[in-house]
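Input: structures, listed below.
Heads up, the next two complexes both have subunit A, just with different partners, subunit B and then subunit C.
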Partner chain A sequence: MPMTKQRNKGCNAVDHDLSRRGFMGGGLMAGAMAGFGSLLSPALAKEMKGQQKQILQVYLQGGVSQFESWDPKPGTTYGGPFRAIPTSVPGTQICELMPHTARKMHLLSIVRSINLRTNDHNQGMLFMEKGRPAGTYPYVGSVASKYLSHPNNPLPGFVHITTRGLSGETAGFLKAQHAQMRLEGVKPPKHLGLPKGVSEDLALRSENLRLQLNQQFKTGRSRSLIDSYDTSFDQARQLIKRTHLFGEQDEKELDRYGRHWFGRRCLLARTLLEEGVTCVKVTHHGYDTHAENFNFHVEQLDEFDKTFATLLGDIEERGMLDNVLVIVYSEFGRTPKINHKFGRDHWGTSLSVAMGGCGIQPGGIVGSTNADGTAVKDREVDAGHLFHTYLQAVGVDSQQNHEIDGRAIPIGDPVTEPIKELLL
Partner chain B sequence: MPTFKFPPILAAAICCLLPSISAVIFAQESAGQLRNNIDSEILAVQDKGVGNPAATSEDYTFARRISLDLTGRPLTVTALETFIGDNSIDKREKLIDRLLASPQYARHMQYEFDVLLMQRLPKKHVAPDEFAEFLRQAFHDNKPYDQLVLEILTADGAEKSNRAASRFILDRELKREETVRVIGQVFLGRDLQCAQCHNHPQIDDYFQQHYYGLAAFLKRSYLFTDPKSKVVSIGDKIEGDVTFTSVFTGEEGKTQPRMLSLSEVIDPPADKEPYETKPDKTNRGVPKYNRRLQLGPSMISDGNVAFRMNITNRIWSKMMGQGFVEPLDLFHSANIASHPVLLRTMADALRDHKYDLKYLIKEIAMSKSYQRTSVWNSDAPPAANKYYTAAIKPLSPEQFAWTLLQSLGEVEKQTKAAEATLLSKDKDFDATTAAGQMLVETKVTAALKRPLEDIVTVFASQNTALKFTASANHALYLINGPEISQRLATGEGYLIDALLASDDDAAMIEQLYLHMYSRKPVPAERKYAQEFIATAGEGKQIAVQELMRTMLCSAEYRFVR
Partner chain C sequence: MSCNEDIKVVDPEVVGDVATTGVDPTKAKEIQKFTHTRPLTTCRVDPLGKFAFVGAEDYGIYRFDLETGDKVAYVGHDSWVRRFDFSADGKTLLSSGWDGRIGFWDVEPAEMVEVEIAAAVEKTEKEEAKPAVTQLQVVPTKMIEAHQGFSRWVHVAPDGKTIVTCGNDKLVKVWSAKKMKLRRDCVGHQRHPWAVMIHPNGQELVSEDIMGEIIVWGLKDGKQRSKIDASVMTGFDLKFQADMGGARAMAFNDDGTILGCAGTTNVVNAFAGQQDPIICIIEWESKKITHHLRTADNKPGIEWGVHFHKDGFVVGCFAGQSNNGTVEFWRLDDPAVAKPAAKVSTDLNAENSESDESAEMENAKPIEQKPFHVVKVDKAVRGLDFTPDGRRFTIACADGSLRVYEL
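So, the complex of A and B:
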């Protein structure tokens, strides 16, 4: 590349290129080894890497404005001040606040016709996660953990990187091991590590003893609760072995991802996906823009855009996108009407979600809103349809049932169905 | 590295080695007691092909189970040894009576009902501690359960005397979605949430009028903020009716207050002056006829069978690990109870005994069904709702917190400190009297407030109806959490000091088993523990600490066996 050569003037271009290439190659190898290779047999690691479908959820908490993101309406009554820009998909435009994502649009599809019929944060969030407007059901991440996690994968199946909010109960009626493991930002999980004075060898003996005690206790007793309990210790031990994942993050990578919290979290998300966590959810807080909607979206999406596009690009470059479903969503959108504080309020009536990767037709647009963006115009769907679509995309037949203690419970809401045109 | 393999025969060996069960335990049965109905009805619902129910548990297991179930913590080792050494035939009944009379019973029931009723909601208007104390006092006094519910549903929070009880409604701020739903769930065994917008699509007998019938009791109530004190309480008006429309059929309906399918509670003819205090900015509205005050009496009325069926099913589930009806809040005609006749018999007996929960609990505890072992001798145990074996029950976060602090020696340490303080203030103080025990219990609980809350926070879940969760976070806490590490440290007067002071490893391991599992080790276990200590390689102290930690992390510790 001429530009590179120009810039390298003054030092030995050949050496530079070589060392750079060597570094890159070594780095990638080391990364792969530190992943599955360190704990699983090479064959199993290969098998898992080849087959395990994964999910990356990017949750824009508070409700991103569809106008300022996936469904811009420039020049209309409620459109706001921003322009729409072309993307890597001819004919598809998104808001100018997401230029980096625009260049990756050929990897994503947008659903623009979602009507949730709720303007409540919690209800909207639960609907988006569970695919049901009410009731005790597992989150999509917990369902993925149950059906997609390789039986020999000892890591938690569903990890949520966030900092705020209560620790929700995500597993519903599924076994406890499928509940989300919550990480406080990029900080290591609390109490990670071995007690003072306990060597790894002793810890291993204790673990063996614990398993034997439990084996004895299980004899003649109903196993399922005890098995779940055992799994939580397996997961803990695996995390203790991976304490390094939560250490200092690579400076060069942080340059690419951004040094803000969201950048750091997305970098950790990439690591966790590489480690084989089935569903990784990253929350980007702060979209509840009842005042100064436009200024806040400039700031928020500036953080989101470059970081998300970098993460998406990395997943693609690593050849993982065929197996990783990527979802960007909120609990609702924002009102067309701009209030007197230049804010937009809660709006579950017409919002958008972007998704791509595993099992999803790229570069598509499903449904639309009317000219002013005040209502869904065609192909109306709700979070039930999305839930089916996500699971179908990763190969889980959401129209089948969970078998729970002899009861059959439909995986997805039977009154909705997958968005077929999105599925590969 | 040595591995400790338990021979498969070990489980059987444990059963054989432990003291055999005296056949006379149940000798004092008298006909017509509810405990006998329980056993005969459970045997009547035969589980074909599985043979006879499991045998009665031996004394160690019974002692751990009954103590955890009634007081939320295991027996102290001293109390356990006293019980084991007692040779009288009615010793189990005596233990049940003693535990039911203890201040720890009231505390345990306080936790159970606080979590059930308040679902771990944070403070809004009423101090959570006051509500908790109101509950503790009620269980200490063995207040009839219907009376307790009446007080909770009637309290307006305007008087000091009913301020604590008002938390149930006041801290939900009369929000219909929350208040109506929780009333249906916890007092009627019915989650009516889906009947809010339409008759329930999957459940034939949950109607929109049930939901709105409950809503109608509270429709005329509002939050009143006293302009001077800024204290928020519940005021009432004389207008406000409930109408509803089905989102499915568009059909419109209206209802006066009503309890499920019972008849509507009709307002009396309006008075010329309908208010005792007219609502305005400075005065809380108090009508002469108050719809809200009909909720409690309608709830506990004899005709409302759902009320007594619900509490009976919940108490049964607490004791047996499995409700007759599961989920506990889905009573309906297509989800029939595993033992419908027994459930009704028990519910009616509870009513006939003036809603004396201690009566119900004792009858369950005295039944053979409750006292069975949780071990099944052949392949697959029968379904849990056959009650042929005892279920293993996960400890609630509160039970687990107390159990951890007790078996590490913290409770004993605090008990001694509390007794010393009380004695220093009053030389006639007697820790063996009921009053003395209560003073000590209050002091110990206060002293342990922080660690208890910390442990509960780790293990509690937002969904309080969930019986068990286990995440890597929990496991990490048990392996390396501060509340445990601190109490495994030496020189602080915890159990570890007493264990390390012993030269006799066999005796030390026996003590350890008694403190951790409320039983003695079988010889094989003793041997493995000795080997673990001998080969740990980091010195005896760390080895014993690690052995304790490992037992804390084991399933036998986490579940009631």
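So, the complex of A and C:
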């Protein structure tokens, strides 16, 4: 069982696990059906909500160009056509394609010296999510779900809003309830409604039969797996019972966030964070720009920039930023060399990530690349360092172990460590 | 700027000499090749046919003397330049840059400065930095902050009095050429407009955005007059969830009866460059797309240029997915590619039979036209222009070469 850091006073992982077990034993269904808020006294709910550490991951799928985002190199051989602009942090510049984000840079820090040593989408994505270049390990969202989700919270611990992407087993060796629940855009989870022609009565009888069969199946077996899947099912059901999450989105809010898919997803992400989901991941597609890199970045970052800055601003204004870690990342960056299609190809050798909020020193820049952006110049780190940093920032001691069926498995890769200068 | 409103227009893009040249495109051959160290983005030939100007992926504009190959750098933009035009008297070069600015430069400046440039500027990708070299440089006579966002296009009206630009602030802007004073914004594009041209009649302008929406505007009042649906030129890439399309080049023929818009169609995976090249030919009077000019082998890529030759054929340039290119020649009245014949109704009792409607619809479909001649190029071609006499053309290539062909 990992020890959490002192800053996570409200909900340490040991308490979580004990409480979860106790709660499960005390009546899973009753608790799940009641919903998070209604289970707790208002004062306790407020306290827990205020102290719960959460993560918002914004995944720019396909590999956003570091030149066109966090590490611009205007006027250099591979710099491309865009200029760098000043930000709210004196001396820090980012690409001109993100003017709204530039005004929020005092809330974020940039790591410009990441070397993943892979140019493969899947490998890069898994490395960035798991903090290890290979092996069956849980994603950071699943780890957060395990150690940060309050046991009385019936909602999923890790929700991923996307429409497509590389599939993966996000929970690894953790229980199934820590796997990502994937939402297709702003629609509720699939296959949870009643099939056509099935009445409520028939559904109830069917559910009772399922529970009865489950009980029989559990006899003489470990309960953990079945309980885990039961919990996952109930988490999904609890999510869609909150119909306000999946109804029409507020028009004024859509004006602020943008009416495109990414705007709608980020608005839902904000709501899910407010509802208490521990890790919310939003994917923005469209960065694998082997052709027309610059026109595509104009279009994609035009969507990303205002929407992300609005979401970040809302999180801050609601007083949530002290407890919500915000990460913007890709599976790799893009080549310095501009190809004949005005494109940039895959590049895992020198890329950037931005993060801010819970536990992160704001307004900083870690590391640098050389003048042409072809290599890391100093403070080289990889996704293992980032993984440690994320978890340490939200109060999980990533240098401790998971306890899985009596085995101790390091939470973060032992060969790497947190980027300490980023941590508060 | 040296725009003189009384000087006869010499813009070969919109107003050509009515006399034909009698050239034979099938005889086209490369006669010169000039090189630059960075890939080129576009090219134009000055109205006197003495120089070719190119944009490059290093912020520079470069002027090549078409006889000697002498190169002069025009330094002043903070970004790439993708479009040039010339003042009515041909003495001023106008450039639109992704820095949002419109540059004004003397085509033949009285002063040039010899500057020792940093070795890194001339460094190629595979080579180490070379020793410092000198470069003849020209500075702009004027730079105008034209757009919040990138200035995508600039065009000088046939009468030389008006300049139009468009940019990533989604605006089309009309300027007076004499003092470069903003006359009006044309507001209406929901997405980024990529090209804008003034009609040879001097009364209208036309712009196309990334979604293939073409808007016809009144030049004097800036009001929308009509829209043309060129959505065939755009596509939503479902896999990557992004739109890509729009006019990579736009031109009128000499009398303004037809408009050509070059770009892409049938987007499959625009992120990998998998879409078909196309030039849409629009009949101006009806505002209908009459022809889809397709490349000979329909390989994936982008059509980056369109030019109406005074001999009546259309010329386009293509950049392929595999870093090859072509220059292709079409005849709109090519007898070898006849318009689909209308079906004859056999239902004698039906006044408005389905067959009639079907035939009408068939007739309304644009003609899918193949070129009558193709010049193959071993590199992707990103820009095309003709000398005023119509006997030579230049192409800007992705390997940094400017190539000159003779017909």
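In this section, the second predicted complex is superposed on the first by the 345 of 424 C-alpha atoms of A that agree within 3 Å, B and C clash if a C-alpha of one lies under 4 Å from a C-alpha of the other, contacts with A are read in each partner's own complex, and residues count from 1 in each chain.
FYI, a residue touches a chain if its C-beta (ideal position, glycine included) is under 8 Å from a C-beta of that chain, and two chains touch if they have at least 3 such contacts.
As the structure is a computational prediction, the values presented were derived from the model and not from experiment.
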item	value
First (subunit B), second (subunit C), both or neither touched by A:Ser398	neither
Contacts of A:Asn295 with subunit B and subunit C, given as first, second, both or neither	second
Between subunit B and subunit C, more extensive residue contact with subunit A	B
Partner chain(s) touched by A:Lys341 [first = subunit B, second = subunit C, both, neither]	second
Which superposed partner A:Trp261 touches (first subunit B, second subunit C, both, neither)	second
Subunit B versus subunit C as contact partner of A:Lys218, first or second or both or neither	first
Partner chain in contact with A:Gln57 - subunit B first, subunit C second, else both or neither	neither
Contacts of A:Ser206 with subunit B and subunit C, given as first, second, both or neither	first
Which superposed partner A:Thr349 touches (first subunit B, second subunit C, both, neither)	neither
Subunit C partner contacts - residues on subunit A that touch it in the complex	62, 74-77, 80-83, 163-164, 261, 285-286, 288-292, 294-296, 298-300, 337-341, 343
Residue numbers on subunit A that touch subunit B, as the complex places them	134-136, 156, 166-169, 171, 176-177, 179, 181-182, 189-199, 201-202, 204-206, 208-210, 212-222, 225-226, 228-233, 235-237, 239-240
Footprint of subunit A on subunit C - complex, ascending	38-39, 57-59, 78-80, 98-99, 120, 123, 125, 150, 168, 192, 210, 237, 239-244, 270-273, 302, 319, 321, 323, 379-380, 398-399
Residue ranges of subunit B in contact with subunit A within the complex	1-6, 8, 10-11, 193-194, 374-377, 381, 384, 391-392, 394, 461-463, 465-466, 468-477, 479-482, 485, 488, 528, 532, 535-538, 542-543, 545-547, 549-551, 553-556, 558-559, 561
